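Look for chain A in each of the two complexes below; its partner is chain B in the first and chain C in the second.
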Partner chain A sequence: MHNFCSVGKRVPKIDAVEKATGRAQYIQDLKLPGMLYGKILYSKFPHARIVSIDTSKAKQLPGVRCVLTAEDIPDIKMGVYKDNRPLKKGKVCSYRDEVAAVAAVDPETADEALNGVEVIYEPLPAIFDPEQAMKEGATLIHEEHKTNVLRMPWKLHYGDVDAAKKEAAHIVEDRFTTTWVTHCCMGASGSIAEFDPANNLKIYSNTQIPSLAQKDFLDALTAMGLKGNRVRVIKPVIGGGFGSKLDTYAYEYIAILLAYHTRRPVKVEFDRTEEFIATSTRQPTITYISQGCDQNGKLLFRDINMILDNGAYTSWGATTPSVMMMPITSLYRVPNVRYEAKCVYTNNTYAQAMRGYGNPQATFAIESTMDMLAEKAGIDPIEFRRINANKPGDVSTQGLRITTCGLEECMDAVKEKLEWEKPKGESEGVGLASLIHVGGGARVYKSDGCGTIIKMNDFGKIDLFTGATDMGQGSDTVIAQIVAEELGLQIEDIHVIHTDTDICPWDVGSHASRTTFVAGNAALGAAKKIKARLLELGAKQLEAPLEKIALRDRHIQHQDDSEKRIEIGKLLRKAHFSHGGQMLMAEYFYDPANENMGKDFRGNMSMTYTFGTHGVKVKVDEETGKVKILNYVAAHDVGKAINPMLLEGQVYGGVMMGLGYALTEQVILEKGENMNPNFRDYKILTAKDVVPIEAPVLETYDKDGPFGAKGIGEPGCVPTAPAIANAIYDAVGVRIKDLPITPERVLAAIREKKGLDLCGQELGRDDVDECIIEE
Partner chain B sequence: MRKFTYLVPKTLDEAISLYQSYGERAKYIAGGTDVLVKIKEGKLAPDYLISLKHIISQDRPFLNHETGELYVGAFVTHRMIETSPLVQAHYPILYDAVKNIGSVQIRNVATIGGNLVNAVPSADGAIPLITLDGKANIYGAKGQRSVDLLRFFLGPGQCDLERGEILTEVVVPRLLPRTGSAYIKHGRREAMELPMLGVGVLLSLEADMETCAKAGISLGVAAPTPIRALQAEKHLVGKTINEETLAEAGKIAGEESKVRDSIRGVAWYRREMVAVLVTRMGMKALERASRNAEVGMGNK
Partner chain C sequence: MSREIAFVFNGNKMNMAIEDHWTLLHLIREELGYTGTKEGCGSGECGACTVIVDGNAVNSCLYLAAEIDGKELMTIEGLASPDGTLHPIQKAFVENGGIQCGFCSPGMIISAKALLDENPNANEEEIKEAIAGNLCRCTGYVQIVDSIKSVSGHEAQEPHVVAFRSEEGDRGD
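Coming up: the complex of A and B.
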């Protein structure tokens, strides 16, 4: 392989010191002159008519500059489905519904003003169970929509599932559920909006979609009668995204509206409680699945029916079934596939994109039933998966074109590192699950592109303007490595700027594990243009043929004669400070050759796919139901690791997020109300809970990726839950089908298996004390 | 967050007189890890916070060699208790409990007194100290008094302190010879975790090293206050301690508990865990008692 200087190196994140020493400026650190503080009043009911809102008391409070309700603002429609408004009019549909907003000179006054807003509600019957909400005659969340089922017909059928069912030698069928979990970004949400005297908007906001956010805010300005005015989105340092910043939110529009009304910059900043209550969760799902195989273990069909709890409004998250289609149709070779998903309105909090974008929910059902089917067919789980493994060159029923594919190698790595065949101790077990995910962008929007502009100064240093968003994952560092590699520069020579839509090119967003692949290719494209110019200048200067010179160590040099070389900076100065002077600048827009889904949802949504297998060894405490992770192996085919250290960070972080999803995390909603809006009761795992994780990296050098790389942002949390569920089954013979896999659920299942009731008594015996289950 | 004035008295009397001047508008603060959370959540809104952290007092647990009593000052931090060789060697039940409170950062500031006065059923510090038959020393305008720590807890968030009174220390009587003890916090994660259930067991053995001379079994989050499972204790006294007898005691303790369903755990599971964990902590206490006897440590 190529001998790289920057690519493939364990380079610390370029902003690591700044962050570790507290100098990075998050939204919480920003303060503009004259800035006011905005606060939001939320609903007191999950579903209610707003009879009246009296803001007079709040308005009279000294220090209050503005109080807004829906009556005071134009009709700004938010979200992909345009069913949400910054402030709710007429009725509220969930506890997090925004009812009023205030701006005041300090946060305390703003809080006090909220207490002075008097809202009279008339409670309405509410509905929290999507299966109930789908029923004929159910209370409607949005009356004008006529039904609680979203008009997004996620439905495909390739081959003939019914015929395949008749042929199958073994079939499994079951129901799996997943619940609400939330991103828990360390940097809570916030934005500052400011209008200039000509009513152009500048908004500082935590977003992972600067260009689409800009468009949303332009639409808002249009609704406000400011059509044609400019919007500039500036990103502060962002403390985590994980999909949470994939939409624009009410609080951002509220900051805009308050700023517009007060003619002052207005900051809306969430505290942790608000972050839990008023940001969105992963979609809870109910999945009915069946899979079948023939006598030899070859998969014949997969049939899935899924219900997603959309909550009261619709975000991009409602399109997660489009991504779920990928594992459903294409994780392993499946000739016949049927899938239908319904997103259903309820009076719960509305769900959103979250790392994996539906893939973890789908993979939980698929990979759990893969093990069940393997057992029925009497085949070892790894062998069973090997029989059905995807291979390079495959085209799946959905039309996904598998180029590089290291799935079997990932399974081999897990098998070896986990010592799969070694005898296990008592109550110990091993389990594994695999994943497929988009690794070469994902065309979920009209464009999947990203632009890059490079300008070089007189000293051989680069300012690089990218559309990408670094929200902590380290894309700035990876982009710098790619460009440094291509131009023979050092990483510190590359200054990556991604923070400002006034100067950065367009990008669809940091999602779909696409940034290294797409923004990396965009940066590489621009660097190649610069390189061509540099070589041209260098060839002239060194009086050598073009094909004989190369860029290395900040120099241009003759390949056969190391004496013949010139420093790049010097060469640039010569070019700049001579007659007809020139400076080097280049732009490149990279839009991968992937495809939008067609009518029947066929289409190669990504240029390439990332594969992986997670294996886990657990020990189950059969008396308490606690699951202890003894060892965890997460093997991924990443194409090429541009930065192995950051890559491992993505995998470790993903696995820990996946473990939380599998075992402990849950937003507890009781009749729509968040019962645990804090880190005390929301059980995200802590540093002390980190388990031993090995992350073998397989490099398959994808021809389309920058230096062969594929995306790896999301995969780390995709197959964790089913791997653990499978290991628990191996250990103690119980199959948990609902997340999170709490000790209570495990213990209840163990007791059920032994024919005991919850309290350990034999079922059906009435001479023993009654098992008291208190309310 | 609401603004308040922070007062720093240097003596108990000064603190009490400050409290008397401000009355309901004042609140004592030690480490602040409960008080400040409540202020932030809007559950408390004092105008004055009277700090107890600058009152000159013992900053670590110590043994009165004459009486064999352990003194734990109320303003001692969990970290001080955790790192005390005395506690580690002779009061492992207390060590087990404090070493898993919150995180190191929390333990560095949070005090045992604050933990007790906060009086939640989940207080990790309370369970070992009631198992050890601790007494609470209290000082106030009317002078000094002492109550059994077990009686100190009146209800969730309520303890036996008159207005302005300060808990000054907990005194643990001399341990019987051949004693072992252990505590476990049953939760979902390894740090920053309030117990779903807390179980402490103390066993003192006869010279035969298997007959129970004295038993202490305490439960957290099993009732509105930290409790002792007295019937279960009674069941053990005079019996040979082994897995069987402990399991019986555990079952009785489960029946004595008044566990409830909450977002932190369901009642049936909590009750079942009482039985399981009393047995486990009992076995651990037994092992520790034997080990102590072997190396001749025990307590004089």
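Coming up: the complex of A and C.
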């Protein structure tokens, strides 16, 4: 074993003291001199023509500096499919559509001005069910698109699924649905835009994609006639991301437009209601799945057809099938796979990336049916999965190259810790589900790279500029650990700066659990350059051969003679303050050797893959349908835990988010309108809901990861829902196929199984008085 | 309507004119300029704005500023010693991974302070009860509860990392 000084240690987050003392500055805490407050008017209908907008009353209000509608702004196209605009022209297609925006001297005046904007709508027929919206003659959300089905060809077929179906000894087939859930970042969205006299833009914004956001805003400036001007994106401390900040949003463009028109800094900051209503959700899905195996339990095929409710506009939610393809083709060995997904416009809210990026939805269907198939084949669920487990060296049908893989060990850990074979009490059951996720970057964009610049000062301290975004997960700390380890420095010697596109290099964004792997490798690459030069300087100074000296404990020292050493700071000063002086700086851009998907969606998307298995023991109350988690085990193959404490934090946080996804969370849309835009009615779990959880970590030392590490940001919430659904089936014999698994759904299934109606009475009896079902 | 009030703010006596409709959160953030206390929802559902008034944790977004008259107010800024030494609860959150994005942390730490001031030996259930009104989306609460337990006279559990594979690649030299 290597004797690491920083890597592998439970190092506190380097920003934790700032946060513990209330000093950390979030977008909510920033105020610029002369700053105005922007507010947005949203649609009153899910689908309607805008007949007219009268802003005259709002404009006359004292303190109002600007009122904008689509008529006042250039054609700025937003989103993945460029089907969205900051302010809507002609018609609205969902309740979250932005219709007008104001800037005023204070938030109260801005609110009052919104009330003064008079919009006359002509309601249109609206459509909220994607399967209805796909039908011929359905109301079109975007007439110019000619159809509600997006032209995104998510379709693959490897091997021959139809032939495999004929050979299969056992087949299961079913339908699963997942609904809207939302990120619930504790720090809501917001940005402040400001133009200098030459019309260069500075924007403070919560974003996980500073470099891509900069590009989006540059495009907006071009549309505004400001081509060639500069954009500087500054990230304040971010109050949670989870994928919500992977796109640029109307509110950011609105801040930019208001700032441009008023020549003042303008802040647009969401309140909690707005955060629920006007930010994007996880992608909801309808999944038709069949899987089949042979007599011995070997999987023969997986066949999946999926419908995605795209909502009214297109953000990254519509591209989640690209990641769903990974578990669909490559979670377990499956020789024949077919998958097709259609994204369908409706008048609902539109979806975005959210932790797991489609993987939780796909894994819910896959791992639920894996259990169903195991039962049909008469094989224990763990053994069934073991028969089909991925192994190091595998290349899946999609071309994913499995390098390190601790899947079986994860299953073993779950089996042992959950006491899988121990007899269970009444209404108790165990279930498990596994996951595969990208662990070595994900090439979804043209580059999957990240840049790092290291600058050393005269005292042996480092300023490190990274493209990576720390939104709370702790990437700054992990980067500092990697660099400290490589250079024999202490964590506190490394100052990580990630907040400003003027000084930080390019990065594709904090997504796909890629930051430890990609930004970590980028930092390591820069550190290695610095190290080479330090060793060179040290060898000269100590008059020792290069191979005999090492960096340790802030010193360069001779490996055989501990007396022969020099402090790194001193060495640097000697190098700096001499004729022909030099200072140490290095840059490194790391772009992993992963592949974009080809035409048939084949390609090794990630340099390595993270595996894991979650197991859960539940007790189901058969009278109420309530599911109690008795024990939860989340085992992951992480390559190498650079910081076990932060890693556990990712797993615990992921699992609790996954438990909410499985059991309690749901954005309730009633004809497109959000009925629960608050924490009272949208139920994220609280401290009282914490379940007993263990997080065994398996280290497989991936050869491509920094010090062997793979990504772990998302996996924690991927297999939670199917593990619970499988445990519920084990406990009471009912299979829940729709998320969230509410007590109502469990109770209805239990009663149906017992041949009772929803009120718990025998079918055919009609004691209306005793049965009141609330609609 | 405005009125004069007097109160103790993080140990310092204050006299100031306030408007009747101000919330305590508005007073702290907008008038006093102390931004450590966060607004997460504005309706008493998330606890990010928790402060201590006369020993009790309250949601400052639901508390009228006028009510603070004659009382003692503590915000997150008043917790560490003037020389910067962290309060043991702050230190525990830092060292046990109780903080990720940090937006809930001031309110969470303040709730823990109010609990431990009243019940220095709070057990796990009491801790969970005390912070049940403080929502956190990042941590899953596990390390937050561990943090508070570590200063409540009950030791935090052993680290949960248990199984390690023995072999190792040739990286990381």
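In this text, the second predicted complex is superposed on the first by the 764 of 775 C-alpha atoms of A that agree within 3 Å, B and C clash if a C-alpha of one lies under 4 Å from a C-alpha of the other, contacts with A are read in each partner's own complex, and residues count from 1 in each chain.
Everything below uses one rule, namely that a residue touches a chain if its C-beta (ideal position, glycine included) is under 8 Å from a C-beta of that chain, and two chains touch if they have at least 3 such contacts.
Here the structure is a predicted model, which means the values were calculated and not measured.
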Open item on the list: Tell me the contact category for A:Gln761 with respect to chain B and chain C: first, second, both or neither.
Closed with: neither
Open item on the list: Which partner chains sit in contact with A:Gln541 here, chain B, chain C, both or neither? Use first/second/both/neither.
Closed with: neither
- [ ] Considering only the touch criterion stated at the top, classify A:Gly406 as touching first (chain B), second (chain C), both, or neither.
- [x] second
Task: Which partner, chain B or chain C, touches more chain A residues - done: C
TODO: Check whether A:Arg23 is in contact with chain B, with chain C, with both or with neither, and answer first, second, both or neither.
DONE: second
Open item on the list: Looking at A:Ile693 after the superposition, I want to know if it touches chain B, chain C, both of them or none. Which is it: first, second, both, neither?
Closed with: second
- [ ] Answer with first, second, both or neither: which of chain B and chain C does A:Val7 touch in the superposed model?
- [x] second
Open item on the list: If we overlay the two complexes on their shared chain A, which of chain B and chain C does A:Asn676 touch? Say first, second, both or neither.
Closed with: first
Open item on the list: Show me the chain A residues, by the header's touch rule, that chain B contacts in one structure and chain C contacts in the other.
Closed with: 679-680, 685-688
Open item on the list: So in the complex, the part of chain A that touches chain C is made up of which residues?
Closed with: 1-2, 4, 7, 10, 12-13, 15-26, 28-29, 183-188, 237-242, 271-272, 406, 409, 413, 471-474, 635, 640-641, 644-646, 648-649, 652-657, 678-680, 684-688, 690, 693-703, 705, 707-708
TODO: Would you mind writing out the residues of chain B in touch with chain A in their complex?
DONE: 1-3, 103, 186, 188-192, 194, 259-261, 263-269, 271-273, 276-277
Task: Touch list for chain C against partner chain A, complex - done: 34-43, 45-46, 48, 75-77, 79-80, 86, 90-91, 93-97, 99-106, 109, 127-129, 131-145, 159-165, 167-173
Task: Residues on chain A engaged by chain B in the complex (per definition of touch) - done: 108, 623-625, 663-664, 668, 670, 675-676, 679-681, 683, 685-689, 742-744, 747, 758-760, 771-775
